[in-house]
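Labels run A, B, C, D, E and F following the written order; every chain starts at residue 1.
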Amino acid sequence: MKNDGVNSGVQGLDELIEGGFPRGFCYAVVGGPGSGKTVFGAQFLYNGATMYGEKGVYVTLEEPPYSIVNNMMRFGWNLYELENREKIAILDASPIREPSRSKYVIKAGLGTEEFSVDGLLGTIIEAKRKLDAKRCVVDSLTALSLQYRDEFEARQQILKLIRTLTEMRLTTLLLAEASEERTDAQRFGAVDFLAQGVIYLHTYRIRDSVVRALEVRKMRGVKTVSKLCPYNFTEDGIVVYPQETVFK
Amino acid sequence: MKNDGVNSGVQGLDELIEGGFPRGFCYAVVGGPGSGKTVFGAQFLYNGATMYGEKGVYVTLEEPPYSIVNNMMRFGWNLYELENREKIAILDASPIREPSRSKYVIKAGLGTEEFSVDGLLGTIIEAKRKLDAKRCVVDSLTALSLQYRDEFEARQQILKLIRTLTEMRLTTLLLAEASEERTDAQRFGAVDFLAQGVIYLHTYRIRDSVVRALEVRKMRGVKTVSKLCPYNFTEDGIVVYPQETVFK
Amino acid sequence: MKNDGVNSGVQGLDELIEGGFPRGFCYAVVGGPGSGKTVFGAQFLYNGATMYGEKGVYVTLEEPPYSIVNNMMRFGWNLYELENREKIAILDASPIREPSRSKYVIKAGLGTEEFSVDGLLGTIIEAKRKLDAKRCVVDSLTALSLQYRDEFEARQQILKLIRTLTEMRLTTLLLAEASEERTDAQRFGAVDFLAQGVIYLHTYRIRDSVVRALEVRKMRGVKTVSKLCPYNFTEDGIVVYPQETVFK
Amino acid sequence: MKNDGVNSGVQGLDELIEGGFPRGFCYAVVGGPGSGKTVFGAQFLYNGATMYGEKGVYVTLEEPPYSIVNNMMRFGWNLYELENREKIAILDASPIREPSRSKYVIKAGLGTEEFSVDGLLGTIIEAKRKLDAKRCVVDSLTALSLQYRDEFEARQQILKLIRTLTEMRLTTLLLAEASEERTDAQRFGAVDFLAQGVIYLHTYRIRDSVVRALEVRKMRGVKTVSKLCPYNFTEDGIVVYPQETVFK
Amino acid sequence: MKNDGVNSGVQGLDELIEGGFPRGFCYAVVGGPGSGKTVFGAQFLYNGATMYGEKGVYVTLEEPPYSIVNNMMRFGWNLYELENREKIAILDASPIREPSRSKYVIKAGLGTEEFSVDGLLGTIIEAKRKLDAKRCVVDSLTALSLQYRDEFEARQQILKLIRTLTEMRLTTLLLAEASEERTDAQRFGAVDFLAQGVIYLHTYRIRDSVVRALEVRKMRGVKTVSKLCPYNFTEDGIVVYPQETVFK
Amino acid sequence: MKNDGVNSGVQGLDELIEGGFPRGFCYAVVGGPGSGKTVFGAQFLYNGATMYGEKGVYVTLEEPPYSIVNNMMRFGWNLYELENREKIAILDASPIREPSRSKYVIKAGLGTEEFSVDGLLGTIIEAKRKLDAKRCVVDSLTALSLQYRDEFEARQQILKLIRTLTEMRLTTLLLAEASEERTDAQRFGAVDFLAQGVIYLHTYRIRDSVVRALEVRKMRGVKTVSKLCPYNFTEDGIVVYPQETVFK
């Protein structure tokens, strides 16, 4: 492991990317519904804060914070407690907003006319400075892009987001939804190559059951292992099995 | 069953989702024509009211109420009687409207210029308050989206609907039609991830006959069983068979 | 046969739908070129009038009446004679119009600027009242939709048509053309779920020959048989074979 | 052969359609490049005039007349001689026009701003009257549709053409080009059902060679044989082999 | 060989088209990148001038002349020398233009606002007259179409080009690029049937290697051989093998 | 090796293209995410400068220079050192810009309104002159095209870029991203034939692992080897294996 990268906190993943994500860039995590993108993002922040001493910012543009927090309890991750201890900040830009318990308030949620990427970035900058955060998760680019009427506009805003997050040297996971047939893939064309790396969470239906596989599709500056690795949801969150195969 | 969720009322389904739907969110039920979406929705409300003591609101944007009520009689579900006993309310926003027997009148049905999601929500709020309803069914998002000339506008209105229903803490099923080839899937892209869960009702044509299978594609905060489960229409409505397989 | 529905007049079909079409709704009959949609519609009206004592209205938006009438002679159905006896009315809204022998005159045919669904509905209402008709056939929605420049406009007009026909309690067949690849399917997306039922007339090319199969895809309020049933053109019109299979 | 229809002049075809085309309607002949649509059309007129005593009008919107005439010489069909004897008229609306030898002059060819379907129809009417023509060929609808900027406009003009030709009681072949993948099929959606019949000229590539097959897809008022019939170019033009099979 | 057509100059091709291209028309040569369209065009002119005594005009809308000339040197074809001897003219309308050595100067190259098909045709007419040219190559229609913002405009200009070249009685090859999946095919829909013939240069990937095959898809007035014929690049340019097969 | 072309610096590639790229033209290098396009480009410049004495200009429109430089360190290529010794220039037009260490400053990066291809070309010209550069890499056309709202505009700008680089006689690699399904291929239609050559970097997923293969799809003026050649990332960068096969 020659890389002094940012540990993913996902068991089995770091050895596929020479020890961790190169520090300070944005990485896309792309998967279909139910593929575990939010779990992946929360695990990155939770383990970052508790195992690697790196604080983080979770930006939600989809689910309200209490929903994410509740859902992560099943892995024993108490994100609210972590937030109280100022290890993480959860920024709520979800369309379904509630009176925030966070110190960091985004003025307008997704789906309102007042929402802007500039406003969102302002709050991220504020939270990053106060916490001295090193990690960030944006959940999700798909939600963000639906705010804009045409593809060009969405792309420009995503570009601005990536640019600013990279300038802030935050190691960021950009969660993005793609159907199995990748119908929506076009919308994120820009992400695929503006991101420093792309991780796919595949879902294969083999007969009656579903098989999940993680693929590191691109990781700049890192010698990656080019294979499909099965992954699963365990009590400790997502675990990747780099030695196993998907198709016998 | 550690989950204290909302029982689906569909035999065989709850065990796939740790005992029931997490309370207070919206869930998409997606299927082709003839897949039984309306049966699924009516069963959720009927059994909710009669077996679990939870009142419900059925919002129809497609069929007129008498058609739904008649059709459900074959399962022995008398929805009008339930409405008379104030266990449920059937809100008629269908294009083919008739003098309503309901106390809760939506001012304009789908397909008229006066129709609006705001108007629809106003009546849902009123009915929810008076009944103290816990459950809701919207039949269907597909019909709603046809009211709008472009995809962006439809998406914004669906977002508003989901946001308000979630704020009302109604456990809601959003019925949505998708062709087998999912041609219309794009239109509901937003639903796929704004909903807290997605259930697919698949229809496979194997030789001359048709096989039906339910798949829990996503269910936030719940450890789901990732397999295709055959389902069928019985005298008691839809029954799911979690132990059986679709393809031998 | 517990259903007191409207007999289809197509041998072999009623047993697939619990005895007949539930009365007073619209049903889509979808098939490719040469699949026999017009035969299906004429058979529904002819047998309705001669066998079941129910009068009917045939609305043609494609072929001129004399062409339909001539073509049906090969099954021994004399539609002009039936019209003279006031058992049926043939309303001519076809682009190729001739001096009408009908009492019920639609002011402008398809393809002219004066044509409107409102005008069409006015004549249907008039004919329905004078005849006391119970059945209706609209041949075809595909032709109707070509009158409109965009999909949204076409959909609104089709919705208006279905709404009014349902309010008139006419049991109506809406004929619709769909290529085998269903290229035009989108245009009728609204029909698929606004109609109370959908019947597909499939055409499979197996080696050098063509095999025809009827599928009841959806029939609200009725327990349908979910299989592909071969059908054929006989001297008595279309016959469906529910006991036979398409693929060995 | 109970049908007293219009003999196609194509050996082997009439027996597939009960003896000939029902008189006075338009029929689409659809095929890819090189499938022999022009040969089919010329054969229909040549044999019509020489074998069945029916005069005809050939409208070319693609090739200049001398090119068509020269190409048909290989089958021994001298169309110019036939025109001199006033058995047929060749109307030149091709983009590449030359001083016409025909008495019937279309004012403007395809691709000029002056071209109009009305102008075209005017000349057809004139030629039909003077010759007392019974048959017509329009070569091709594909060319005609390229004159219009959008699909709706093209469709309206094609509708007008079909309407007027039917009113004139001309038995007409409408040649239309469709790629094997039918990419352009949409453009002719209207033709598929406005035409009284549709004949496909298929081209299958089996290993290194090409196999041709004719299919009568639709023929209103006629009991058609639903199979793929191989066809070939012989010294006498196209010959169809109804007893043979395409795929062994 | 009954045809007194224009020899293609491509060994093995003439016998597929009854001895040569019918004189005075336009023929499309369609193939993917690397299929040898430019070689085909240059070979047609070079051999035309040196073997058959027919002068020619090469119109380049893609590569600058020096690039084409250099590339053809590997087949021993010195096009500059031929131009000096006034056997051919190379007209430069490429986007990357250089001070022309040709007497025939096109005022503006592709990609400038001043470029027009009229201007291009003016220079072709001038060169044709001075040389008394019989042959022409347009390289390529694909490049030409990119000059126009929409498909309709491109099509009108291509139509004008074909019309004028045919009026000039030049036997012309129109080179056109089509991806293997024919994504761009639509754009040349007009070419497919306005051209008197269409030759496809196929590229099949069989395992690790690439197999090339020529197919005469259409050739009006000529009895063509309907099979895929392997072709290759030899020291003398393209050679077609009509007796061999592509797929064993 | 009769070609005195520009050595690619990629082991195994030159023998596929008669010794190197013909001098002074643009070549497209097309591949999916993670296919190694940036490595290919950097290797071309690094080896060009250190092994073949040819200076080069690297234009980045995606990653900031420090990211590229860091990533190439794993191959032992110190691009900053090379830049200090004035062997190469790295021009930063990336959206995420930093205070440049380069002498050659592009006024505005991609994604700003001030960005223009003219501005970019101005700086390339300046760097080329000062260094006497022979080689150039543009990373990437995909990023560039996202700057423009419609395809036509993007194409015109790419055309201008290719034209100017060719006029400067720079041997240039144009990196372009194409998904495996080539969804974005259309956008680069112009590149495919304006470029003098096209190299594809394929990624095949065979069971659980990924196989990479280089294909020289087109190379004008060069006799290319038409096969898929496996390639890999080694300590010395990309190595192509012309003697090996991809599919057994």
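As a working rule, a contact is a pair of C-beta atoms (placed from the backbone, for glycine too) under 8 Å apart; a residue touches a chain by one contact, two chains touch by 3 or more.
The model shown is predicted, which means the values in this text are computed figures rather than measured ones.
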Via touching chains, chain C connects to chain E in a minimum step count of 2
If chain centres are mean C-alpha positions, then the most distant from chain B is chain E
Per the C-alpha fit, the turn needed to bring chain A onto chain E (nearest 5 degrees) is 120
Greatest centre-to-centre gap (Cα means) from chain F is with chain C
Comparing which residue numbers chain A and chain B contribute to their contact, where sharing over half means same and under half means different, the two sides are different
The distance between the C-alpha centres of chain B and chain C, rounded to whole Å, is 30
So, in whole Å, the Cα centroid of chain B is separated from that of chain D by 53
Contacts with two or more other chains occur in chain B at residues none
Contact graph of the chains (line, ring, star, complete, other): ring
In their shared complex, chain F is touched by residues of chain E numbered 33-34, 38, 62-64, 67, 70-71, 73-74, 95-96, 111, 140, 142-143, 146, 149, 177, 179, 181, 183-184, 205, 207-210, 233
The chain D residues in contact with chain C across the complex are 22, 25, 152, 155-156, 159-160, 162-163, 166-167, 182, 185-186, 189-190, 192-194, 196, 198, 213, 216-221, 223-224, 226-228, 245-247
